[in-house]
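The same chain A turns up in both complexes below, where it pairs with chain B and then with chain C.
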Partner chain A sequence: MLSFYRPGDGWLHRMPSGPKAFLLFAFVLGVSLLPSAWWAAAATATATALVYLLAGVGGWRELSHQILIVRWPIAITVASQLLFLGPEQAVANTVRVVAAIVLAALLVLTTRVSALLDMIERGLRPMERLGLDSQRAALLLTVTLTTIPVLARLAGDVRDAQRARGGRSSLRSFTVPFLVVALKHADELGDALTARGIR
Partner chain B sequence: MIAPPPPALRSPIRRLGVTDVSRVAVFAALVAVLGLPGGFTIVSSVPITAQTLGVMLAGAILGPWLGALSVTVLLALVAVGLPLLAGGRGGVGVFVGPSAGFLLGWIVGAIVIGLIVHAGARKPRLWRTFVGVLTGGILTIYAVGIPVQSAVTRLPLAETALTSLVFVPGDLMKAVIATGIVMTLVRAYPRGFRRVWPAKSAKGAEPDRAAVE
Partner chain C sequence: MSIHLEAVSVRLGEADVLRDVSLNLAARTVAVIGENGSGKSTFARLIGGLVVRTTGELSVLGLDPTRRAAELRRRIALVFSNPDAQIVMPTVAEDVAFSLRADRLRSVEVRERVSAALDRFGLTALADRPSHDLSGGQKQLLALCGAFVRRPELVIADEPTAYLDARNARRVADHLFEDTGHRLVLVTHDLVLAERCEVAVLFTAGRVAAVGEPTAILAEYEAILRC
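Presenting the complex of A and B:
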């Protein structure tokens, strides 16, 4: 399945996922604590651009792509901030929010999904003392990952069937049959897991 | 069917059986599919999507804990970099952005919906389902989301709440649709709930609950 991961061999790519997550989290936290002022906005924007240029993830192109993904939240933030707070705070707050989002995005841009899933499983291991089964959690994540394309296909089938019958398509008339098909798939999936010796 | 372990051996967090795993996975996938491009957008090109409808359905059909778990699983996959939120958003970035609180609110919301819709392990009724979906799917999500958004964007709470009003009509629509879907499912496919409801006449009788929940 598509993910945000961009293959590469920059220093961020080579860094182990745990320390990388910690470093980026610290960076995001640092940015989030800056005051809402012009100088802070300028410093944040410069630092973020520098990190993207030096991280070996594709520089400006990747940065503008990441910003484009969050254009709607940005539009809403800018509009409401301009309306209530005035230009300096509006610009500084928006820059800070966008910088935090795109800096955090570096984690998934430079780390494979499988490595991050492993990180989650490792992170959950101490919770086993509380009765949490980290292997079961990993199984759940993997099964979900493989179920998404299946359900996307089932959704397409339901929509095609409705179109073939010339029925009008509304959210409700789509969701009811889709839900029944999905629940039946869940039963089959349970049987398939049991057949593979998973209890 | 696997017999449940004696209470003494049961861990505080109940071990998930395969049925639970597959149902939780399917609902996490369902919420993701409801946000896919080419999927359903109530108003095209505006970021109002059917994903909160999926959250409402997860809480109402799977019940509070499995519903919340399926939302958590979806969010975990989003965090590790899959673009599964509406508009192809994903990655840890969304958890430091303005909508972070709304996403966490999905988890709490699913719990509240499940608790209300299945209160007393009774069969979902129209009014109880609607109240549950409104309280959990709108009020709870906003109650978690708005303070976080206010903290992230530094826009005062009242103004943030005011701007969130834009989303209320769409969410009300989804609540009505979710209620309709749940009631249809109760009539047309009750085994989808995997619960045994007490018969109408047996008032006050100990409900005979399904082994899975």
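Presenting the complex of A and C:
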């Protein structure tokens, strides 16, 4: 089950999810509006590092981990901008993008999925006037997030079953049984949600 | 009367899965037994409001599962054999709390009830653990915990020990049979578990073949299996 939450009791962990999302959004917006200059890149990097150090999520270790996750987009961004814009703009833009991503990650690192579900539901409530079911939409997002690893495990099971029977792997021989088990899981999950009183 | 069926049939696609089933079940614990494809699970899903009858009359805890499904679901809990499909939230405590989401309780009450339920099922130490990293037995205990935290009047368990080893199967069964004021309908292939119930119902080919005291019903089932 996919969860990025890191248990802790830092100030970001203690902060209610709504104001926390707003604060991080404001921070990301502020970083995005800075000019493409060396000093802005340095200020952004320093501020981002400080937030990670003070957030109680594991400091440098977690920051490096988050940067490592986006290493390929960073490489592509730097390379293409170096080619067309020069070093100052390339570095400043890349630092801004990376800072925005890792700052946004702080929301899921410090907020339990249940609190995120509540926050999304509250945030979508004004849309109910337009016919959106906020509870269902929030649940859909949560279930999608939490079902990804289950599907990954089911895919592994299908591949193992094929290997055990000496089958050669092909897209077709994998896709059909995987779709069957995935749909069966969806059926069972739907029943379980209904059984737990969820519409 | 807890569960009442009068000439109920269920047709799924082209198949008559349940045929002309009439039952009155008032016992606290009821075992539902029979071979694969005999209609046991459909019966469980029917009384749990997950399957709609094609014909006949049905009442569970005095409610019609088709017309008053939402009200019935607040009073019952279902437990299935595959715990993976019942776990929705990433951590143990969050998953138990998820069961109370539809009740819109105050967060203090949710915390108290979740804490008491975790304690009862021996999951307190695992409260912050990722749900899907648990062992099969722990996952099924979590599924039970998520069911019982809602304080159901009726628990419908469809082969809840199917994937478990003997020790975990016994733990799960002990929780199901513990008298907390709930009724239990237990679909099972485990005849030892069936014998622990007050009443057993034997299904064959979508029909009720026998209802009564478990020892007699199990003897009848053994006779069918020998044929």
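The rule is short, and it goes like this: the second predicted complex is superposed on the first by the 164 of 199 C-alpha atoms of A that agree within 3 Å, B and C clash if a C-alpha of one lies under 4 Å from a C-alpha of the other, contacts with A are read in each partner's own complex, and residues count from 1 in each chain.
Note that in this section contacts are C-beta pairs under 8 Å (C-beta built on N, C-alpha and C of every residue); 3 or more make two chains touch, one makes a residue touch a chain.
Because the structure is predicted, anything quoted here is derived from the model rather than measured.
By the document's definition of touching, both partners, chain B and chain C, reach A:Y5.
More residues of chain A lie in touch with B than with the remaining chain of the pair chain B and chain C.
In the superposed model, A:I148 makes contact with chain B only, not with chain C. Residue contacts after overlaying the shared chain place A:L193 against chain B and chain C alike.
Shared-chain residue A:P73: touches chain B; no touch with chain C. With both structures placed on the common chain, the touch criterion links A:S32 to chain B but leaves chain C unconnected. Within the superposed three-chain model, A:H185 lies in touch with chain B and with chain C [touch as defined at top]. Once the two complexes are laid over each other on the shared chain, residue contacts for A:V113 go to chain B and to chain C alike.
Across the two superposed structures, the residue set of chain A contacted by chain B and also by chain C is 1-3, 5, 113, 143, 150, 185, 189, 193-194, 198-199.
Those residues of chain A that touch chain B in the shared complex are 1-5, 21, 24, 28, 32, 36, 66, 69-70, 72-73, 76-77, 80-81, 83-85, 89, 93-94, 97, 100-105, 107-109, 111, 113, 116-117, 120, 130-133, 136, 139-141, 143-145, 147-148, 150-152, 155, 171-172, 174-176, 178-180, 182-183, 185-187, 189-190, 193-194, 198-199. Contact residues of chain C toward chain A in the complex are 45, 48-50, 70, 73-74, 77-78, 80, 82, 84-91, 94, 97-99, 101-103, 128, 130-132, 146-147, 150.
Those residues of chain B whose C-beta lies close enough to touch chain A in the complex are 2, 11-13, 15-19, 21-30, 32-33, 36, 39-40, 42, 47, 50, 53, 57, 61, 69, 73-74, 76-77, 79-84, 87-99, 152-156, 159-160, 163, 177, 180-181, 184-185, 188-189, 192. Chain A contributes residues 1-3, 5, 7, 112-114, 142-143, 146, 149-150, 185, 188-189, 191-199 to its touches with chain C in the complex.
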